[in-house]
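In the two complexes below, subunit A is the common chain; its partner is subunit B in one and subunit C in the other.
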Partner chain A sequence: MFTSRTTGLMLVLPAVVFITVGFLAPVLILLAQSLRLEDGWGIGNYLAFMNDGLGREVFWRTIKLAALVTLAAAVIGYVAAWAIVETRPERRGVLVGMVILPLMISPVARTYAWLVILGRTGFLNVLITNLGLSEEPLRLLFTETAVFIGLLQLFLPLMIISLVSALENLPRDVVPAAQTLGAGWIATFFKVILPLTREGLVIGGTLVFTGSVTAYITPAVLGGSKVLMLETLLYQRVSVANDFASASVIAAILMVTTLAANRLLRRLATPRRR
Partner chain B sequence: MRRAALTSVLALAFGAAAPAAAEPTLVLSAYGISQDAFKKILYEPFEAQCGCELVVEIGNSAERLAKLEARKDNPNVDVVVFADFNALEAARKDLIQPLDPSKLSNLDKLYDVARDPVGDNMAVGYTLYSTSIVYRTDKITDMGSWKDLWRPELENRVAFPNITTTQGPLALYMAERAWTEGQPSQGLETAIAKVAEIKDDVVTFYERSSQIVQLFQQEEIWAAPMGRFAWGNIMKLQMPLGWLLPAEGQTGGLNVASIVKGTEQADLAHQLIDMWLSTEVQTALAEALVDSPVNREVELSGSVAQLMTFGPEQVESLRLVPPEQLLENREAWLETWNAKVAQ
Partner chain C sequence: MSSRMGGLMLALVFLFLIGPFLIIIAAGMSAGETLAFPPQGLSLRWFWAVFEVESFRASFVLSIGLAVGATLLALVLGVPVAYALARYPLPGGEAMSTLLTSPVIVPAIIVGLALLRYVVIPLDLGIIPALFVAHTALLVPYAVRVVSASLANLRSDIEEAAVLLGANRLQAFFLTVLPNIRNGILAAFILGFVTSFNQVPVSLFLTGPGVSTLPIQMLWYMEFTYDPSIAALSALLALMSMAIVLVAERFLGLSRYV
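Up next, the complex of A and B:
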């Protein structure tokens, strides 16, 4: 007979084998490849990437855009989530459903829709010129603005959903309590609501930031080669230049960046000990 | 391939008594595009004629070249088709062997540019295409030169092929000729610097020719350099778009066929290539809108001819990039471009 310990081990075994073969080993091989030089091992590939002006530019652009998208998603997300939580529970389902609905449409279709909306003869430019905000249609496509808009629309639902569940768990009476004690809306938000919903913010923020850093279709279609991000540069290095050394460096940088972002968000959200 | 393996096992098993019964196999390494048309027009008629089996391996040129290199000492491919500069690279790596012109009865029918494009009879061209500027004829009336892409009216209205595409270096090559008054540098420095000057005014550096169609359709752009193979899709837009014949000429690309070094089927390989170059096959491939012909005897109806790179006037005006220049400078161009344009 098996003891419960061996039974337990045998039950996890398939999953462990799967994770090792299907995930851990490939990741380690990838990381090893990025350290492989023509004559031995070292961090030469990383130095070459960071010394290359294009590599640096693309890295900082990726971080900047992902951070801006995360910030904008947090601001819009709190407002939207608060509105959803404030509605009657029977209507809440409909609103949450409307937020989730875009997630069920392929990101390719959604991104191509932006291609039409942001075009020179597209909806947004017609609106802008008709309102007299600009005489000439603006060039929005293939700019950082276009990538920002596309990513924000793509990942905002993840932030809203995370914040809705966090706000739902917020005790109903903390806001009136804070206001009774003389706190204004801003103080109430930063001193009461934000600390109590930080878990949701961290989860939503990690999802949005990671998603933005690793998105391929949106920067490829709305940004193109003029607004390269790490993912699009990675694709270019592999499929066009056959340069696997710098491609694996980019893949490693992507991994480290998303892990670091998660740690940072957690640290920001954890209240300092007194 | 499995049948080939089986045949050789059988041949071994029956020893020297049976080799005459084994049907020979010829392996072709080709681009994946339009395989259905090739099968009908070339592969099946060839098999019927040669009494052999034709096996086709497909893939993009970079990966097929890598495979040839990996199997250098024990080749499993007999005929390979790719771009002219790929053939030159293969020749320098000793992966292909010279063709025997006496075994190619259709060689004399070809345009000069296709007969011996990389030297030493290492390859023969089987199709070519032109690369020039497509532009809105209603918006700009007096286009005439590659330099016109830099005109102020076209600010924010031009797309340029990215250097990483096949068309990128070709367009730069012509821009270099135009801006240096026919004294181009190997490094294309002038052209790249010129592109860098207007990089903020270029709508995008496109990476697939399908993008061009959509950019014209949305009136995002009024002009762009592109390959003739995408012209059919551009015409479908039913917009006032024209194909420019610039003062400096058009450039383009040439695809070639070569025989892999060490093949045991050299005769069959020549037969296949010869059939590919025949007036009949070249005409059928053009009419199926697969490949523009290099055979001068091909005659096409007006509507088909309009979609292809066709006729001596078009073909002889092509200023193709010498394959050695492309091969030897590609990386340097990419480096200059990344330093000046991509950042």
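Up next, the complex of A and C:
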């Protein structure tokens, strides 16, 4: 009964036209412009970006921070997800809900909270000076640490949710089995739990890594112009310097980095054949 | 890991995830002129003050309108796609679904910049239509995915029965399919609304002086002013999101679709 290709095509056509005109075509043109030089085409803009000290520094900082956030989210995520899966099923739903809730709240509000905590007159500095740990308030904002903390809080829930569903599918008896056979906690984790939950880890890792690479609000609010990341640099290049050539290069770098991370991590997810 | 140890770890993780909200709520209740925690005296004055700021009011209205409009259009475009994917052989199936879900994998800031350069400026498009197009494009993949999930469990015999009983295909869809995927559509609407309302990077290049979405207006404001109003506004937004999520979870089981 459902064989008409024409009907199928008609149903998807409006969305296809909209996405192509209002999204895909402009994005592809922008990415292509990164190869456009004053006289013809080439990778000159990329070389210029990478030879510019700031460009290189921002690129590596973005990769480094995203990798560190992903690593920290994985470690904390396993502990939290394990503790959630261990609870009774009726409590588990509430706990998962509490993990998801922050995801629905405006990232601007979530990031602003760290301004209140880490600012010059913020919670942490009040604590530090009152305890006499330091005479002067410390400069905690506009540091890589501040951006790291903000990104971790923003994206940790995605990792926990991915790992909760992975651990829920882990057969209940593999861990006691490994331990009966003499494996310690570390061996049990690396030889049993990690291989069996690799897919969930990769899904969570991809979300956290690409989310961190493409974050704008967190570096803008907690990093400022001292700790630029790719998106805040892109914004500066357009709105302050009006430099579209280098903006299109950053756009292309962002795009390639996200796609490459997706690819690479997906390859890691498929178990090795022996 | 012992269960007590696990409980402690979990408590720390939740302190990290949710604690900051309690701090903004407290900071918003300050009676003082500058942002501080612990707050200088308690009052709700900043919670009222944010309603007095004209730029917050205007951008709040724009953000709500944009979120509702873009989500509705994304559903109008996305529901037929989800239905087609579930029921019809599609020309270029895999490529087609890659095309339709591509907006999720492209960093949103690029979409905003690309639209500004190659659509908004050449066509001399206004700020609001530009935001509307950008937000809709980002939401179509969500609409398709969530509605597809609720269509997946729906067997096709009910439409066949309706058609055998004399309905045409369109009537069969509206009378048998639509009522059955109503919850999926509502869930998609709520997710789309929240996503659009909170979205910043795509709107960065598309908003202009005087016309801005609420989150961008907040970013602007906090750059120049250091009073508790953003804390109060953030607290209000957090409470609004919590209310939406709790209601949606209660009636739709929203977390199944996230």
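As a convention for this text, the second predicted complex is superposed on the first by the 238 of 274 C-alpha atoms of A that agree within 3 Å, B and C clash if a C-alpha of one lies under 4 Å from a C-alpha of the other, contacts with A are read in each partner's own complex, and residues count from 1 in each chain.
Going forward, a contact is a pair of C-beta atoms (placed from the backbone, for glycine too) under 8 Å apart; a residue touches a chain by one contact, two chains touch by 3 or more.
Computed from a predicted structure; not experimentally measured.
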More subunit A residues in contact - subunit B or subunit C: C
Subunit B versus subunit C as contact partner of A:191, first or second or both or neither: neither
Which of subunit B and subunit C A:122 touches, first, second, both or neither: both
Partner chain(s) touched by A:236 [first = subunit B, second = subunit C, both, neither]: first
Which superposed partner A:263 touches (first subunit B, second subunit C, both, neither): neither
Which superposed partner A:142 touches (first subunit B, second subunit C, both, neither): first
Touched partner set for A:226, first subunit B, second subunit C, both or neither: first
First (subunit B), second (subunit C), both or neither touched by A:79: second
First (subunit B), second (subunit C), both or neither touched by A:91: neither
Overlap of the subunit B and subunit C footprints on subunit A, listed as residue numbers: 115-116, 119, 121-122
Of subunit C, residues touching subunit A in the complex: 1, 3, 6-7, 9-10, 13-14, 16-18, 20-21, 23-24, 27, 34-38, 76-78, 80-81, 83-85, 87-91, 96, 99-100, 102-103, 105-111, 113-115, 117-119, 133-134, 136-137, 140, 144, 156, 160, 163, 169, 194, 197-198, 200-201, 204-205, 215, 218-219, 222, 230-231, 233-235, 237-238, 241-242, 244-245, 249, 255, 258
Partner subunit C, residues of subunit A touching it in the complex: 1-5, 7-9, 11-12, 14-16, 18-20, 22-27, 29-31, 76, 79-80, 82-84, 86, 95-110, 112-117, 119, 121-123, 126, 153, 156-157, 160-161, 185, 213-214, 216-217, 220-221, 231, 234-235, 238-239, 244, 247, 251, 254-255, 258-259, 262
Residue ranges of subunit A in contact with subunit B within the complex: 52-54, 57, 115-116, 119-122, 139, 141-142, 224-226, 228, 236, 240-242
Complex interface listing, subunit B residues touching subunit A: 62, 156, 162, 164, 199, 202-207, 214, 218-220, 334, 338-339, 342-343
